[in-house]
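What follows is a group of structures, each given as structure tokens.
Shared chain: chain A. Partners: chain B in the first complex, chain C in the second.
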Partner chain A sequence: MGKKGKKLHLSGPAIILIVLVVVSSLFINSFIRIGNINNILRQASMLSLVAMGQCIVILLAGIDLSQGSVMGLTGVSTALILSKGVPLVPGIILGLAIAMFCGLINGYLISYVKIPQFVATFGMFGMALGVALVISDSRVIWGFPETVRVIHDGEILGISAPFVIVGIIYLIMFWLLKFTRFGTSIYAIGGNATAAELSGMPVKRNVMLSYGISGLLAGAAGIMLMARMNSARAIMGTGYEFEAIAAVILGGTNRLGGKGGAVETITGVLILAVVRNALNLIGVSVYLQMVAVGFVLIVVYIINQNKGSNPLRKWFPVKNKGLVSGTTGNGNGR
Partner chain B sequence: MKFKNKLAQIASSLRDTNTSRALFTLLIFFVASTIFVNRFFTLNNLINVLRQSALVFSFSIGMAIAMLLAGLDLSIGAVAAYSGVLAASLISNGYIVLGIIVGLLVGITCGLISGVIISKYKVPPFIMTFGMMKIASGLALNFTKGESIYGLSDKFRWIGVGTIGLIPAPLIICTVLLILLAYFGKRSVLGRRIYAVGSNRNAARFSGIPCERTLMIGYALSGLFSGIAGLMFVARLGSAEGIMGDGWPLQAIAACVLGGVSFAGGEGTIQGAAIGALCVAIMYNVLNLLGVSPSWQQFLIGFVIIFVISIDFIKSQIIRKKNISNKLRTMQKTA
Partner chain C sequence: MEKNVILELENITKIYPGVVALDSVNFQLREGEVHVLSGENGAGKSTLIKILSGAEQPDYGSIIYQGKKRSFKYAYEAQRAGIATIYQEFNLIPELSIAQNIYLGREPKKLLGTFIDWKKVEKQAQALFDMLGVKIDVKTKVVNLPVSKQQMVEIAKALSLDSKVIIFDEPTSTLTDDDIVKLFEIIKRLREKKIGIIYISHRLEELFEIGDRVTVLRDGKKTGHHNIKDIDMSKIITEMVGRKIDKQFARDLQKPGKEVLKVEGFTSKGVFSNINFSVREREIVGFSGLVGSGRTEVMRAVFGIDKFDSGSLHFYGNKVEKSDPLKSVKLKLAFIPEDRKSEGTCLNLNIRDNIILASMASIFKSGIINLHEEKKLVTQAIKDLDIKTPSMQQKVKFLSGGNQQKVVLAKWLLTKSKIFIFDEPTRGIDVGAKAEFHKLINLLVKEGAGVIMISSEMPEVIGMSDRIFVMKEGTIVQEFSREEASQEKILKAAIG
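Take a look at the complex of A and B:
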């Protein structure tokens, strides 16, 4: 997975990831095996898609809480469409269209109606989950053609299909964010929406599109999860949106906009995946893993935020230096 | 004469837009459900609604305080579950008072940790309380190993299921809390500071308000009230589970939003949150009476939240436009 950028200096999260990997492979025997690494990456593939969508939205200083239920909705509706006898490719395209539609509604509500992102996407969370539960009759849907499993179990040139899909999507996103007008405008909007608007960027359209992409990627993750489990449930994606937010933040993308991108996101996803896997291998219970994830999230956020030349500074916050360095009005964090 | 003054005061406080709008919403909910739902307007059902709303209110207090501070507290459900679980395990062994004290202390501690990290380390409330949610619910589930804790004494269960006459005990507890909070929210130094920090933190700092300490105390209070909610819920159910507070943050947000507590901070009241909690309770009650499946309930509640907030926003934008055009007109006149 494309974690190899030409960066001369490593970012904080990348160092954390490397330290984690080194420590785990030193202390856990079964960690550095091809089977296990394959396992980590495979488990991370769904999350990496959702997190990439979340990353774009967070770059806009927004948030998308609807991803988990959009995943469920997409999985369920694709499963229903496929079990009606629609061929694989049109079925998946239809499913992705539904997901993108949900995202675009979010974007429309946020950019044109000016509802706060938190509220719009949270409402969409409820609505998409409700629709998914209703159309699936709250049951597990299975019994669609086996060909779907290709998405998760297939191989292209000896590489598992999920890695290929995730790799391609990350390359596209990397290109989109770094080398297109759209990407530049996203960073600009995240930095200062008013300034972006005044300099003639189509802010409203791009915000709406970004939420559309977020929905689309959530849908792709939903279909991948469906292929993995060979069944679909309305609630199967619930919780992914929070994991995704955690991953994006762990990667060092700034919630208040402006910093971060595809490389940072995949780093964050891998940090989460490695922590989970290492704890699993040691035999820590799922519940304590939750505690660890919460803890790591907060600690890494603090480290990322208080970067300084002095390594000790990372651990101890700089005392309030005055008006400039203290929290400004937007330190409220939404 | 004094009485007249009091009446005038109450009338003027009703004119306070947020609360009056919340009351109006409540009225619509109430009248509509009385007219359209047969079994709604019966004594038993109304008491049921009140009992439910007491619970919703108890866990909405924490969210309301966090929202007044221009943040939010996603950890209320998890903290409630953790303190409820710890308290229940002590109470089922016979230590009622100790259990209650431990439950409240756990709540305060979790809230205080969130508050310290939010204020000292500048971590956004969303991330901090999300992390705290993971930590607390993980600890709670780890403590119970995914099972329920039973065997709570009837003395303790009174605060959840008991009644004085016809009035349920949780309702009395919540009314007392409501009166205290409504009074101290407007009259105490801390209350005023919370409003000031929430509406404009820079301005608050410039006027010499200790912002960090206010934030810390605010989130600690949020944790404390989550602990109280957890205890009440445990007492009502008669058992404690690690997952018991899962849907609470969302319901609490719904209650606060319906009650006119704004996400922007510094706007809204605890009374508003109580009215919002009543609305949420009525909504769930009516949907249950109508036999609506939980899945559609989920959908409808999402829809209602979006609807209420969009009306709110569109209205505020119209007002802002009016203000701007008025200003322009006066400027033109003076020019």
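Take a look at the complex of A and C:
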């Protein structure tokens, strides 16, 4: 609940983002131009959506490895639906429904059948990708009505459509996580699932719904990517889930810290986007960029950890933790 | 029904496989009273609490709450009805604030139910603590609180659920003296609000400080029920342990031989201090004391699982600098832990693998297992200990508790160890298996082993040991010889 008070604490990741932006602006000429900034933000819009879904799942101490495949499946399905003449809005809704369905299956397997998250979502990763490849015959789908491109290229009141869409979704997610019982239960389940269950929370149902949301958002990202590229392929989303996980961690979401949510996730997404963009402008190869991202990920994770042995702690001080809670059994042992 | 009785238990009986946990227990709680529930480990207190809180169902008998017969199938049913339990292990979400924890799942809302009203949550939480007379910032994360304050959060939670009955399960075991004073003040306030309080504690002094009435349980039966002012400590102790030991323990006393284990000035900061004892061949040294007195910790340090800070350890007369399990096993020590499921056996492996586990290095020196030899040894072990199983390939997790414990013992017997450390070896095992166990330990001793037995079961400790050490809060408070020992004396020393 840190951000809601009167004092605004800048989190570690926020500081890192600011530093990155400032450094890039100073040292790279083309960075600070409006066109470039626009580019960065537009490119980040897909990842923003996927990362938000992943964030909720990570808060539950889970993981969703299927988001990329769901993206592809949704993109391909929606493209096919639209090219069959279905109007835009119903077409999109159908696509999103497919995405949410995949997510709910994940959630059901994890919550009720008690399959570990890794196994369930990994299975879905394969299944969704497989189905996408089958229905698209491994081809690129194009030729659907151009109207869908408005999602990516359009403007609402002068602001790029993707920003508006991402903005609205993030506001909803912020409200959901911080102002509803559902959201509080997410933090509770991630913090101590047993205690949450004993407090009468519908743990199974909420976990299932969370995976549904993760799938839904992955699907939305898939449709947005489809609009951006004006085409769809089964593999178009592959790899997004890992970027999403990186973004969530970079942003400082930590279920053990009860920290995390919309604000943290967008911060992480932007850090990744800025780093990528800056390296691109400098001319660093894509492969070296991967090294950079991995490096940043580890460094930021260490900064975010509230451990005493953290050497960077003096720049990012955290309140001293008191004694560990009495959840470790009978006080003095046997 | 008497006036003011808010909760009544009639003839509550609970049977687990092989043991009667509660036998027709009657209990009564009035509004605004602190009713202490007393008894040894295993007397049935925890079972009674589990039944009251909805975690378990009684096999016979009834619960009468607020004049009506009730049954609670889930924990939150009891909670919602107004019966709250404060356990030793708290059910709090570490990274959420005090206020959030109290109202978890029941947060008040605003704006037509679209937003949680966090301001209200904080205000209401603050009001609860004002009622308890405690100054605290309800926005603090629970993980940043000391244990005593966390306990208060649980109490506040109980209040917020409009509880009429609050059960405290050993609330003072992790508190400092100051904390205890504050806790008692809170309990007095709760009493003023006509809340009925059931208070479980080993510490008999507390009984006299805070209790109005006391009910004593022993081996699942109610042995006494008094007003606090009508009773004194020795009478309670007698009711707690005054059973007739009519069981014969299979103990052939031997003449002790050489010293095999010695411990001097053994200290681990904050856990146990200045432990001195020795064990000789052919003798059984018993360790008694309450849960939490540090017995297990001492033995774990002796065996080498945990480190110790100062003092010395001697095996067979030789000083040991650092102890670790690998070295200990090589030196022919055996450690049979308390928790057989997580520490004694590999549940997912079969009997054969489990039994051979500790002796592989010594029996198969080349590193290659001779399957024929292994089969022979395991078959013999199963026969010797009468382990009931269709085959040695049976996975240990499917065995009964008693048989699992036999597997653990078989494992260590195969190592032909000289020094055996048993930590609560017969806990949760039926009477028949217990007797077999004692026979086996007796045999071990006859053949020259030195045995340390940690046990909370008085008859067992007195029946089996040659000497008994009583530990309390990390130190040895008394030593008894076999002849001197009695249940009352031991309990008195343990409670002190």
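Keep this in mind: the second predicted complex is superposed on the first by the 295 of 334 C-alpha atoms of A that agree within 3 Å, B and C clash if a C-alpha of one lies under 4 Å from a C-alpha of the other, contacts with A are read in each partner's own complex, and residues count from 1 in each chain.
Rule of thumb we're sticking to: a contact is a pair of C-beta atoms (placed from the backbone, for glycine too) under 8 Å apart; a residue touches a chain by one contact, two chains touch by 3 or more.
Small disclaimer: the values here were computed from a predicted structure and weren't measured.
Judged by the touch definition given at the top, the superposed model places A:Leu198 against chain C, while chain B stays out of reach. After overlaying the two complexes on the shared chain, residue contacts for A:Phe125 are found with chain B alone; chain C is out of touch.
Annotation for chain A, partner touching more residues between chain B and chain C: B. When the shared chain is aligned, no partner comes close enough to touch A:Gly85: not chain B, not chain C. In the superposition on chain A, A:Ala188 makes contact with chain C only, while chain B stays out of contact range. After overlaying the two complexes on the shared chain, residue contacts for A:Val113 are found with chain B alone; chain C is out of touch. Within the superposed three-chain model, A:Gly158 lies out of touch with both chain B and chain C [touch as defined at top]. When the shared chain is aligned, chain B comes close enough to touch A:Leu297, but chain C does not. Overlap of the chain B and chain C interfaces on chain A: residues 256, 326-327, 329, 331-334. Considering their complex, residues 75-76, 79, 88-97, 100, 104-105, 107, 114-116, 118, 139, 141-147, 150-151, 170, 173-174, 271, 291-297, 338, 423, 454, 473-474 of chain C touch chain A. For chain A in complex with chain B, the touching residues are 63, 109, 113-116, 118-120, 122-127, 129-131, 133-134, 138, 234, 242, 245-246, 249, 255-256, 285, 287-295, 297-298, 301-302, 305-306, 317, 326-329, 331-334. By the touch criterion stated above, chain B contacts chain A in their complex at residues 70-72, 117, 120-128, 130-135, 137-139, 141-142, 146, 200-202, 205, 211, 242, 250, 253, 257, 263, 265, 293-303, 305-306, 309-310, 313-314, 317.
The part of chain A that touches chain C in the complex is made up of residues 1, 4, 175, 178-181, 184-185, 187-188, 191-192, 194-196, 198-201, 256-259, 319-327, 329-334.
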